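In what follows, chain A forms one complex with chain B and a second complex with chain C.
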Partner chain A sequence: MAGGPLDTEGLVTLLDHHGRRQSDERFDDLASRLAPSDLRDMYRAMVVTRAFDDAAMALQRQGELGLWVQSLGQEGIQAGSGKALRASDYVFPSYREHVVAYQRGLDLPQMLRLFRGLEHGPWDPSEIGFHLYTLVIGAHTLHATGYAMGMDRDGRVGSGTEDDGAVICYLGDGATSQGDFNEALTFAAVTNAPIVFLIQNNQWAISEPTTRQSRIPLVHRADGFGIPSMRVDGNDPIAGYAVTSWALEHARSGNGPVLIEALTYRMGAHTSSDDPTKYRERAQEDYWRERDPIARLESYLTEIGEFPEEFVAEIEAEGKEMAERARTLVRSWPAPPATSMFDHVYAHPHAAVETEREWFERYESSFTDTEAAR
Partner chain B sequence: MTDTIHRTPGSHVAEAPTKMTMAGAINAGLRAAMERDDKVLLMGEDIGQLGGVFRVTEGLHKDFGESRVIDTPLAESGIVGTAIGLGLRGYRSVVEIQFDGFVFPAFDQITTQLAKMHYRSQGRLTLPVVIRIPYAGHIGAIEHHSESPEALFAHTAGLRLVTPATPQDAYDMIQQAIACPDPVIFLEPKARYWDKGEVETDRVVRQLSDGESKTATAEMSQARVAREGSDVTLVAYGPTVHVALQVAEIAAAQDVDVEVVDLRSLSPLDIPTVVASAKRTGRVVVVHEAPTLHGIGAEISAAVTEQAFFHLQAPVLRVGAFHAPYPGSKIEHEYLPSIDRVYDAIERVVSH
Partner chain C sequence: MPTFEIFNLPDAGEGLTEADIVTWRIAPGDVIEVNQPILEIETAKSLVELPSPFAGVVSRLLVPEGETAEVGQPILEVDVDPDGEPAPDAAPAADAAPVADAAPAAAPEAHAAPASAPAEEAPEPVLVGYGVKAGKAHLRPRRADALEPVGGEQDVSSYPVLAKPPVRRLARDLGIDLTTITPTGPGGLVTREDVESHAKATSAQTLATFPGDDQPWLATGTTTNDGRSTRVPVRSVRKRTAEAMVQSAFTAPHVTEFLTVDATETMNLVARLKQDKEFAEVRVTPLLIVAKALLLAVKRHPEVNAAWDDAAQEIVYKHYVNMGIAASTPRGLVVPNIKDAHRLPLKELAVELQNLTLEARNGTLPPKAMSDGTITITNVGALGIDTGTPILNPGEAAILAFGTMRQQPWVHNGEIVPRYVTQLALSFDHRLVDGELGARVLSDVGRVLTDPSQGFVWA
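Our next item is the complex of A and B:
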């Protein structure tokens, strides 16, 4: 695919797929900020999230979830970029950034309230600096840009202190074709908003390969907007960290937006409702399985002697505990009362909602009366 | 992300009513809201130095600066989408969509994103965004500049829709809409922009300076009886209130006493006011510039039929535009509800 959207031109790699450290003088300094404990943090986030991801997929297959969206295979760029974030930064995810959610402090099983159909927003975005998932492709890129414009107005960039912040907005290869994303780039560019757009090019938008979205690498989308950009190996958590750190610092310093394209691979189906055997070859999946981000970091940690047995045991236990708790919690959650459908439609009372709520409550209680009369 | 109104003590002085155009009243209302709360921003195309294509924001760029009166890129979805992001950060954006027919590129952001954020977040997030849309016809414009898209938005839970018919309401309601924590579509009848009327500026300023935004929302959601009458209830809003009042005068000459109800709010609808009037008169005609098919009039008709069935002397009639795209403006007076067509409906319900 020379010259096409999956060409490996300009890809920053600091760990090759055997887990060997590569040098890139532009990013070596940033990568060297990662102490062994930081590397293990990233490893932990990837492994625990994968255990959760597996459990959630099984729950969907057992009929406990309406849908599940796996992060399988994309943990590298998520863990690397998530590690580069500060508390003062704000995340606008798309809907499969489970590793970043974990890193921001979300108790992952709570997320399943969304996928079980109990509610649409199971976490407080402002508490953890991680907005709700947005299922309409690309729509959130504008919200992220507006939020960044607000941070800029609030004087949250360019002070040179830890209080400086930026927005990071995750999107996929398919989203780059949306008008909203192109408008987001326009608004971000002309307002010099402190935002990093991170495209996880996982090569598939459900069944459509990246060639259906672009004839050139997606990173070049930035050029026409005058936005600096970088391309990174998405299955290399160290490069993901270094490149995202560079981008966030650029944005936090008041230098405006940055676009990153992380080339990765969606190892699973698009969602639990999808069947990739209809449109892609097993050989391609095998090729990318060899490039797994977890195995890659594991080799490196082993190589540098920073992968003690007790650490392995500890995160294995954490993953198991997370999966077990997900299974228990999901089955323990009752459906909310039907009248909760009327809650929070508006912040102030609205006559139509109040009238319908009252009618529905009367209707419901009429059945209770019938039951009681028997 | 609160609905607290920032207070500027002493910023208002009691004033005698002054004559203002509707455009001038909206301008004055925007100015008052911006003075009261520095989180209020204006966003839109050509709203800065030009003052908007209808000059509704005239002078505000000069007085508040380009950081609060923002000339945006020419992208409606982008304007609303970034206003949402600013809202999540605590800002209150007042967005100007240049013309009714240009709102649709922002339709997803308005109906799917803006309308649902409070609900999706279990009430944790509020989006106090106001979307001003100059709407409706009678200005002899070319296509896409005269549409009445209100039913499309009224059908979406999470949005409020209001539309003033007088300078006084324009002045009050724009400020109440900005103070409201919910997203509000603010429909401005552009053919009435230059009508003058008395505006008393003190009352709403006092209401909002006192932080009574909930009262303000309730008030903004109420219909008003624009003319009392006993024979027929003529329900109108925005641009058709003017037509309805003219028809009422003509009918009066024929001894038919028409009550005109100005809805003011399309979401929520003030059904109790309409039904009370219907029970008094027993005859209801609804008039709007939007096509009647699947429109606001159908909703009014259904509500009146359900709640005042045994008081009705005639079926509820609707007068509006036809199920055809807005035609060339040389025949818009036939497409829109003219005085003749509204009067015809009055005659039909009276003679039923």
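Our next item is the complex of A and C:
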């Protein structure tokens, strides 16, 4: 299949696309940690985020957001891996990990301050252990590795207690072609950093299929760096949870980095500025639509009798409320003063930045159509 | 009462300025929901479906299918409170009035499109990273007392020149000062084309002449009807030469002194250096020895290496020598100079002299080679001329003419014998150089040419 996965060799699947539970003795124990309420948590995260995602996409089309990046289709691996995280872990997302953001406790509509171009940091990363989005492809893999090295030096690894933590760094298949990513793997390996690189291979780096970026499955990229790796069905939240749990345990215990390749599919466009109909086939989208992570978990929950109607109503209401609030909030936010762009360039006062700020203030005040003048 | 909301065409990509209205999925009177797909637009990048931001009843479609709308232009009017009380008569009309003005397509009586509508020009896609087309930018209104003017009269020294890094690089490679270029890009950006056309305008070029014409200086001229004369506009190097000479000749009072010297020893030195392995790669000429002699004279009399700043009423003494060499090039006379010639050992001086001569002949001298000279030599002897009364290169205080070198009867050790003899002429700016200083400089040059070993004493 053009643009499809290279192959499915070594793929861990615990929930097939009909929602039937599959056995894999390496991961069955880990998967069995998930109580029905945990499964419903993952389901909720996926469904609420998708409702929010739809609302945000519409807001972009209505001219309220400069850009939007959909998580559509990739909720499975996000919900599974997010479920495996502890408070002591730290997440470096790229820019599409809205489900994980929700699971870390971010009120998703606040995220739109970034996509409306109001500010770069709409949340406090240290508060929720979820770093700011990085739109520069692959750049954050280095930041994540450095952060993990710091956690190691702070003694937050290998104590065998709940305080142990690890970094999880989300990236896409496109980022694996970046130099930064390869440097990050080198550093993570030689410093034995507590980090899990989670590649969401959604098959498309904008319009470039994964098959044109690598001769081998991305999971094998880790081999040359001496990093253990695993390949997981990215639309299977249960397998996503189990494999990520294994990887995080490995990193938290001081055994060093792990790489996970999650095979998934980007159902939407790369961003609101992209038009996938120009480069990919409808048939491929249909193939993956049948493998939707939400439908899959829904079948399973129904099957085991853990999908009560009031739960469905509750999350539907939550999704609706969040979408509605996103629409209202976005239109209510005033534009911040343009000079706020100078505020967080450096942590401490900086002469060069001050000079630029003063110049900019003078320059702005030379116009008659400023906020003040109006 | 009915409340009308307007939907302006959004930027569905990044940095798009317009889109084509392809298909309306709704018609006036339709009841619509929030996020219901209402129309399809085609941008420079893709076909995009737009969802409604409002719930209500469609009141008017303001741009018909097939037309191009600008981002921000009103395209739809929706009554978001259709069940409300009827409005007082004037209200809805007043609400709608500005819309009618801005939406010619929906208002037949307003068929004269407003200036902002893309009436004549063909749509041109705008993509991220390529910028908007020229003339599309909207200028923000500025206060009359704006501290820093922007636009035509801007003071270039206080504004950084805007140019992309590769363009800066190109300018640097060509030796062009970016501030001297007239920018044509958006927002005063200096473009690659600006640099190239500037370079083309200021550097040597082959003149276009008709076949068989070996008189390129006529190329740009207009021949009179009787064919007996051609009028050629004064341009480029000719123009600059003329201006420089007029300025120099009529501001600096020139004095010229002459000296005839026996330069036989100089010729012997040249002959010896030509055999020297170290000078194997470089051309050794009498001009090299003259240049060295002048450098030694300047070292002994640094006051001659100076300029008269009339505006400041100051004399500027230069602690470096950028030695100008008047050169005939395919496009006329130019005076490139050897930077910091006073620091160069003889070999390097010879190399620089050779490079400069070569570049002048090939017409590849960068403009900066022509600026900031401090003293000049004109080698009139190369044309078999004995001497002349050179005019100062503007901004300098002295110029040395070096005449032809030929055997002549000369009294040497009490006998008349054939010797290599040459004439030197030194013109200087009498405002700052007196006759005595000029005489000392000229005599020092002559002394070295007569006996190059004197160079050891003064070096």
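Note that in this section the second predicted complex is superposed on the first by the 346 of 374 C-alpha atoms of A that agree within 3 Å, B and C clash if a C-alpha of one lies under 4 Å from a C-alpha of the other, contacts with A are read in each partner's own complex, and residues count from 1 in each chain.
Note that in this section contacts are C-beta pairs under 8 Å (C-beta built on N, C-alpha and C of every residue); 3 or more make two chains touch, one makes a residue touch a chain.
Not measured: the values here are computed from a predicted model.
Greater residue coverage of chain A by touch, when chain B is weighed against chain C, goes to B. By the touch criterion defined above, A:Tyr287 lies against neither chain B nor chain C after alignment on the C-alpha atoms of chain A.
In the superposed model, A:Ala55 lies in contact with chain C only, and not with chain B. Contact with chain C, but none with chain B, is seen for A:Arg362 once the two complexes are overlaid on the shared chain. By the touch criterion defined above, A:Tyr279 lies against neither chain B nor chain C after alignment on the C-alpha atoms of chain A.
Of the two partner chains, chain C is the only one touched by A:Gly63; chain B is not. Once the two complexes are laid over each other on the shared chain, residue contacts for A:Arg327 go to chain C alone; chain B is not touched.
Looking at chain A, you'll find no residue that touches chain B in one structure and chain C in the other. For chain C in complex with chain A, the touching residues are 7-14, 34-35, 45-53, 71, 128, 140-143, 146-148. Remark: chain A residues 54-55, 58, 60-64, 66-67, 272-275, 277-278, 327, 362-363, 365-369 touch chain C in the complex. Against chain A, in their complex, chain B makes its touches with residues 1, 3, 67, 72-73, 75, 77-78, 80-91, 105, 108-109, 112-113, 116, 118-126, 157-158, 160, 180-182, 213-214, 217-218, 221, 267-271.
Residues of chain A touching chain B in their complex: 119-121, 124-126, 131-132, 134, 136, 139, 141-151, 153-154, 179-180, 183-184, 186-187, 190, 343-353, 355.
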